[in-house]
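The two complexes that follow have chain A in common; it is paired with chain B in the first and with chain C in the second.
Here is the complex of A and B:
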């Protein structure tokens, strides 16, 4: 089973990071945080978008809501509860908007998810302004190493969820919807329920990661927490890595986090430019991604 | 409050916004109508047109009302290159399906990121503007700067020209044929490849011209494009797919919602209104204001 092989490899890799965390200096802890966040986000995004073909360009909405929930409850409730709240809050939002949003198909779904994320961002900016906040600070945020281990948990959970969905009827049903929604429904795939389930599951970890990354940033500002480029990075990483299996999103996350590490500080626009070119080339000419290239090479 | 709402000043502002949106939306409607491609980089072509107007004015002293001819040509060329290089084979090989449509949207999104960041690298992120026709003109009780009035009038002229082209010119008729009945158009001898090339050229060209007109009265910056893309989507979906007349009415509706909405609330509500209308339209009225059964998606 290639799924189990991939799962074991990824979990071994995460275990290696867990051990390396004890010895790492600040630079590598920072890199580890970025990498683990990327893995957690891409694996979650792929649960909905790679399996069902409903490409979400608005997953940052869950990330941003998670960040907001953790920052607002900071110092009020115990951090593990706050992170749990971030994940549940993101799921709750996905559940609330899921049915109407998932009725919209194809490119209209893509652009609608983008619109929803931007709408929530601007609404939150207005709400925060009315409350008298332009941004919120997190005083006494946990040490980066703590955040590394939180994100390690998030990446592990996301990988297990992604593997679990692929192994169950839900995963097979979603793939059937991707190929032909009408035909799958005729054959008895409960399309609406399956899509909603995948949407809610894929929202949980991004909420958690958003919360952890807000602690890392030690502040919350809607424009950064709801930056559409976070959604874009999830898509680009997953598609460049290969979206159909478990290892693809991880490959994409490693490649682009590495590239970002080299380029982001010195030339952020050049980094985004390369990201755009890579996305264009992979979607057009290599839709199976790096993972597909490796598969064909064997 | 009521004297504000019934003032000619707001009505004129709504008209100017509507003329802008109508012009931007025509190109999006053409490309979506003929090929089912949602061009999310459309607003970035507007941005490029804005920079074209800025540089030709600043470096060569060329009036934007003249330079827009050159800019339309260059942007049209960019449209043809984009079509030939990225979409032609994909579209001619297979019928567009939901999968291909989503994929092509991602390609346009990649293009959008490329254009935005290339502009930021070349021109820096600093907003840029120039002064042109900034004399205030009084029309009875209403006053407006010359550049905004001229831009709106030119937009109306171009829209009228596109309408005449689609109604009477053989190529325009071919475009409409393709939008309404793709297979039938091919059977009666419409050269699909040629029509698709023309749609890209006219779509990109008109967007860039809209950008040049906008640069006459507002600053341009590399990341200004996306709100224009969203506004154009609202207009195209509300007006109805391939329905250019409906697009005009939808542009007026959006211009009024925006102008009066902001006047009633505050300018921080501008984005909420725009995205709110966008989401509401996609969720509740995807068939448009005038459509019945036929859904654009």
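Here is the complex of A and C:
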């Protein structure tokens, strides 16, 4: 079955990164962190948006909340607990806002999720200002290699979650909702519960990744932690990689992270230009993404 | 088996259903007849939980369905098709039927069970040879049969078929009548059928309920309904009297 084959290949790739981590220099550790974060975020985003068709333009809200939770508990609670808290906190927030947010569909859902992320960002800026912080520093943050392995765990978990959802009735039900919500409901798909479940599941890993990336940055500042570009990247990577299977988000994450890394030195502005062209080409000519391209080649 | 009791449904100022009462027995085929706007589809939407009536009750095997969501009603063994077909266009024919088998009244989990149920449903409507094609590649006639296959794959015992013969050629209509008959004769299913193709409805139904402007104006055997002056008046217009 192609899902299991993709799962095995991705896990083997992650295992290879785990081994390579022992020998990598600082540059490659930095690249590995960016790549693993991208894989974890994109694979999580696809659980909700690629399967159900509810395109979230605000997934950074979970990332930002995770970052905030890890930074404010830094030095207070043990790091693994803090990361767990980041994931659970993101899920809790998704659960709290899920029912009303998921009542709207199509472009309204897209705009609403974007709005929620911006709202939380500015609310947090106000709260932090009232508490007397413009930003928070993380003193004595763990070594980058530790963060690499945290993110390796996050990418592995995200992949397993994404595979698990696709293998169970939840995944099948979400795809039916994407095709026609009313018809799916009439056939017995519990639409509201399934959408909420997908929303909550897809929030967990972004919360964890946000927490890990705040440690990597060694500081927290709402405008950076809730940067809409992080949401856009998840969508762009899924569009370019292909949205309907497990490997698509990974392929997109590899291509765009690689491209950004290569161009960062030479021509930093060219990255956005090329990204724009790539998106146009993929949306117009290759809506099934790199993954669809591979499928057709076989 | 199904009791529709004094159902009234108002959309704004329009009374789509006005105190409609009828019942359906096990393994019965009941034809629902009426001109456009008579409230037939609205009645299906009420039974399937897609819309809530202002008053009245729908009782299924002794329990009220009122207030249940469509997915809960599907799990109770009732499945409707849509007049304007709504297949999952981006999925294959087999996937369409499989999803119905995974949810609905059967709520199957094991892939082998799901595939068997989906296969059985597709075979019942003569669509299994298209199993691997995308639903979007099917003709209208095939999409109508896919609607029935999905309803069937849920494991429903009551099927609500909404104009599954509209737009079909006479040959396709004959095939469809055979399919629907076999659902009752071979599987013991209960059916309520909305149809504008009069001859088809007359030959298929054990009993016919006629709606006009939301009211039930007649009910009885097809032969009696065909001769009812009130029915021919509202259905065929005043020319029938002249």
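As a convention for this text, the second predicted complex is superposed on the first by the 293 of 298 C-alpha atoms of A that agree within 3 Å, B and C clash if a C-alpha of one lies under 4 Å from a C-alpha of the other, contacts with A are read in each partner's own complex, and residues count from 1 in each chain.
Keep in mind that, in the parts below, a residue touches a chain if its C-beta (ideal position, glycine included) is under 8 Å from a C-beta of that chain, and two chains touch if they have at least 3 such contacts.
In this text the structure is predicted, and so the values were computed from the model without any measurement.
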item	value
Partner chain(s) touched by A:284 [first = chain B, second = chain C, both, neither]	first
Touched partner set for A:101, first chain B, second chain C, both or neither	first
Which superposed partner A:188 touches (first chain B, second chain C, both, neither)	second
Touched chain A residues, chain B compared with chain C	B
Touching partner for A:4 - first (chain B), second (chain C), both, neither	neither
First, second, both or neither for A:173, with chain B first and chain C second	second
Partner chain(s) touched by A:276 [first = chain B, second = chain C, both, neither]	first
Residues of chain A at both interfaces, chain B in one complex, chain C in the other	178
Residues of chain C that touch chain A when the two form their complex	48, 50, 69-72, 74-75, 79-80, 82, 86-91, 95, 98-100, 102-105, 107, 109, 150-151, 154
Sites on chain B touched by chain A in the complex	38, 40, 86, 90, 98-99, 101-107, 109-114, 116-118, 120-121, 230, 233, 268-269, 271-272, 275-276, 278-279, 282-283, 286, 296-297
Of chain A, residues touching chain B in the complex	53, 55, 57, 100-101, 104-112, 115-116, 118-119, 122-123, 125-126, 129, 178, 232, 235-236, 239, 269-270, 272-273, 275-280, 283-284, 287
Residues of chain A that touch chain C when the two form their complex	169, 172-173, 175-176, 178-180, 182-192
